[in-house]
């Protein structure tokens, strides 16, 4: 693998210094689950808001000034450009600070970085989305993208799971997709409660039961590493070839542009060469480094 | 620039909630006067005070730190203040060795009934800080005396 | 001594009395040794004892699982005892192979004395209390007090107190505190402001490699306070202010655990005189609490224990 | 025609160059050799200098560097980029191994997204190499595609020929500088022969050798050999000496500092050897020490060759001579299982 060609990507947004953030303003905050919030935001500079382009699957670096910076994927779809979204789980120093912010607060934003889902490759195919927990965030960008261009793609299956019913993110999306007759969605939880009517079971198991056909299909998987690790073998059992499985990875990142050196799996830098990969690309290293 | 005489030291006090904090309260309610230089953080026990708190306070620019707890033998948790005493003792001695003025780290035993003693301690500590002046420990520009040459001429 | 060590180590592994042997093997550079951590009885042949066994091997004990046979000089044995006090290792899992230590040669001192780097020297040999250095075909002799590490000159326990097998005749301590305490003494002659400025200057060179911390057997925290993010006590970057706070707190954390083995100062790539911090703390603890680290495995750790009346004088 | 300069005139030469450049030369602070601003007179380094402890990368990727400042006012956050420093650096006395390391660093910082901080300083700088006459025991440059007098990655190369330094003009930048420098002597045929002899002598003095043939594939094959990596990592103490002070290591960390409302974002050296380096809140892919050691070795000898077709090690030997436990990269590379098996 040689160094990634970035010339075809939407241009990253920066003055002449790729490390300088732009100021964005939080417009709306949605409490997805007790620990996860979605932030709707827009550029403070209206001109930038007009010029900004990105593709599903790309991520950006978000600053809470004085605390630091962290990468999150852009979870909204480029087909709905009136604002941008990202979702963050409260797990560390930066996300704690993020969750203390309210509407109107300013963040630093630089991006978009990384590659995106290969829309040309997906065109005309059956799509199987497999998501777990907050891992639905990058997938939903693509799912809305697909729904907004529905005639370009064939069958769409979504398998999504979380630990318990209250841990299901983007419930408004799940409801919308449930109503949408052109997509087929299965929602599952590891542990149900009295009100839970859906499936109970781990995502890989539910996927195996749903048994989507591998013919002319591409599976797109995103979730916690442990889920990803167990989902690939299930897909292989269902007849998916490594090239038919896509995933988007999360690693510790500081720079977002392949310089700072932390996010590699083998010779691949998740920030520069990813975050979207086919299983084919990473299978040599995935057992030991992810 | 403010005049020297106008400068007032900022003192950070870590006060045990069972004794010194109540002592400070008593000083207030019984109208004992003490300087307004002290900012107070209530801690569950003087044993809670980590040396890091002290260093962080100095790093953030406080001119001095006061740790105050129950008299030996009176700790609500039996031994917290004894442990605090060992810790503060080595911290104080070590900081003085490094070149921190002794006035910047002070400790006292003040019980809940010693409002008067609390006001005396704060007055005294504040006076001491006025004598040593503002804390510039972590602000100083690089002007250190050159240490004598060591080894490792090459890599 | 070396032969006996090899036999003992091999036997320990063969008889299944230990799972691991930790000792010293020849290093890849002149006058160096390297820690040998092995389960293979054949590796015992590589074990050496010479005037260059610098590392404090106790450092590896906390990460190794199983029973360990460990080569220990006096300072190592004290670190081991300190780890036992802290319940970090269990005495019954250890076989201590005691090396009565005549002191370790500080190559940096020799470099300064002869004006050559260590790799330019032909030979260094020790004969009793003289050390001769062969350089450019010529031989130069030095008394050991000039070439041993400062901490070796201050050594209070050349022969381990706590051991299972002893290799050679016990040695008695002969501290040369005046020589070893020179750098601290000259610091104490300065005014407080000069001292602080001197530390500012020294710590400005720090690159935060954390070798001082990672080489230290007493620094066994799972997560060091400098890497804590909530709250973030200091920034993980080489600001001299943060570097100094790191060293101050590190010294407070290892007070009563530090046995003055001098490793932190030896490994520092930018020559920060760290022993002038650790030794002073060692002396403070000794003076205030009559506590000597790593001497008695049944003693309580310094910060766990207290006396009713002590260190009162500065409390108001 | 090549030039030469008398050793006695080095101070004068540096003085001349100081008018145009910020001249950095080897210097010792408390015994620690590093490239530092030349004080205008001292050339004693010509006697003691073998190589620096702190690699010259520090002049382009400093241990700690402000990326920008930020401040909050009534209108929100204001970002203030660092003032462009017009100063041009001239590094006098860089060793060929470190110069090659700069070329290797360029690849990363030029790749895809350009790194403005590094490149700004790097592009304007002039590297004046000084050939080694006395390589260290730990040096193995001749096995890593360079040599004690290799001029490839510098603008000018100085070679010790006794009383003088023979000056090799390597790049256009170097030639231009020499053309503008007065007071240099013409080198004779004899000087040229002396220089050639010095090159050969120095080359032969590098005694440590490392066979790197096929190492990329050997490492790939041995990547999952956990036993091997655990053994290799056993004595490592996970400090940052070998990485922070490696001339080709570039990993960095980014942190914000906020003091009384004034904020600065810094980047600073970081090391893949640190246990928390890859730590995410929920997960740490390189929790175990052997994974980190593997990353360090493979990054230099496997991943970098895969991406840029060059091993990211120049044989400067710092990691060997500075290591607290004498962890020796050349021994590790020699013992990679796939090589021992006979793939070598």
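By letter and in written order, the chains are A, B, C and D; residue numbering begins at 1 in each of them.
Going forward, a residue touches a chain if its C-beta (ideal position, glycine included) is under 8 Å from a C-beta of that chain, and two chains touch if they have at least 3 such contacts.
Just so it is clear, the structure is predicted and the values come from calculations on it, not from any experiment.
Using CA-based centroids throughout, the chain positioned farthest away from chain B is A. Comparing chain pairs A-C and C-D by the number of C-beta pairs in contact, the larger count belongs to C-D. Centre-to-centre separation between chain A and chain C, using Cα means, comes to 50 Å. In whole angstrom, the spacing between the mean C-alpha positions of chain B and chain C is 33. Chain B and chain D, compared by their mean Cα positions, are separated by 46 Å.
Within chain A, contacts with two or more other chains are made by residues 92. In chain B, the residues that reach two or more other chains under the touch definition are 146-147, 150-154. Among the residues of chain C, those touching two or more other chains are numbered 117, 202, 269, 271. Residues of chain D that touch chain C in their complex: 29-32, 50, 53-54, 63-64, 134, 136-138, 234-235, 237-241, 244-245, 253, 255, 257, 266, 268-269, 271, 274, 276, 289, 320-322, 324-328, 330-331. Residue ranges of chain C in contact with chain D, taken from their complex: 27-30, 32-37, 55, 59-60, 63, 117, 119-120, 202, 205, 207-211, 213-215, 223, 227, 235-239, 263, 266-267, 269-271. Of all residues in chain C, those touching chain A in their complex are 229-230, 232. If you check the complex, the residues on chain A that touch chain C are 92-93, 96. Within the complex formed with chain C, the chain B residues making contact are 51-52, 55-56, 59, 72-73, 79, 82-83, 85-87, 89-102, 106-109, 121, 124, 137-138, 140, 142-147, 150-154.
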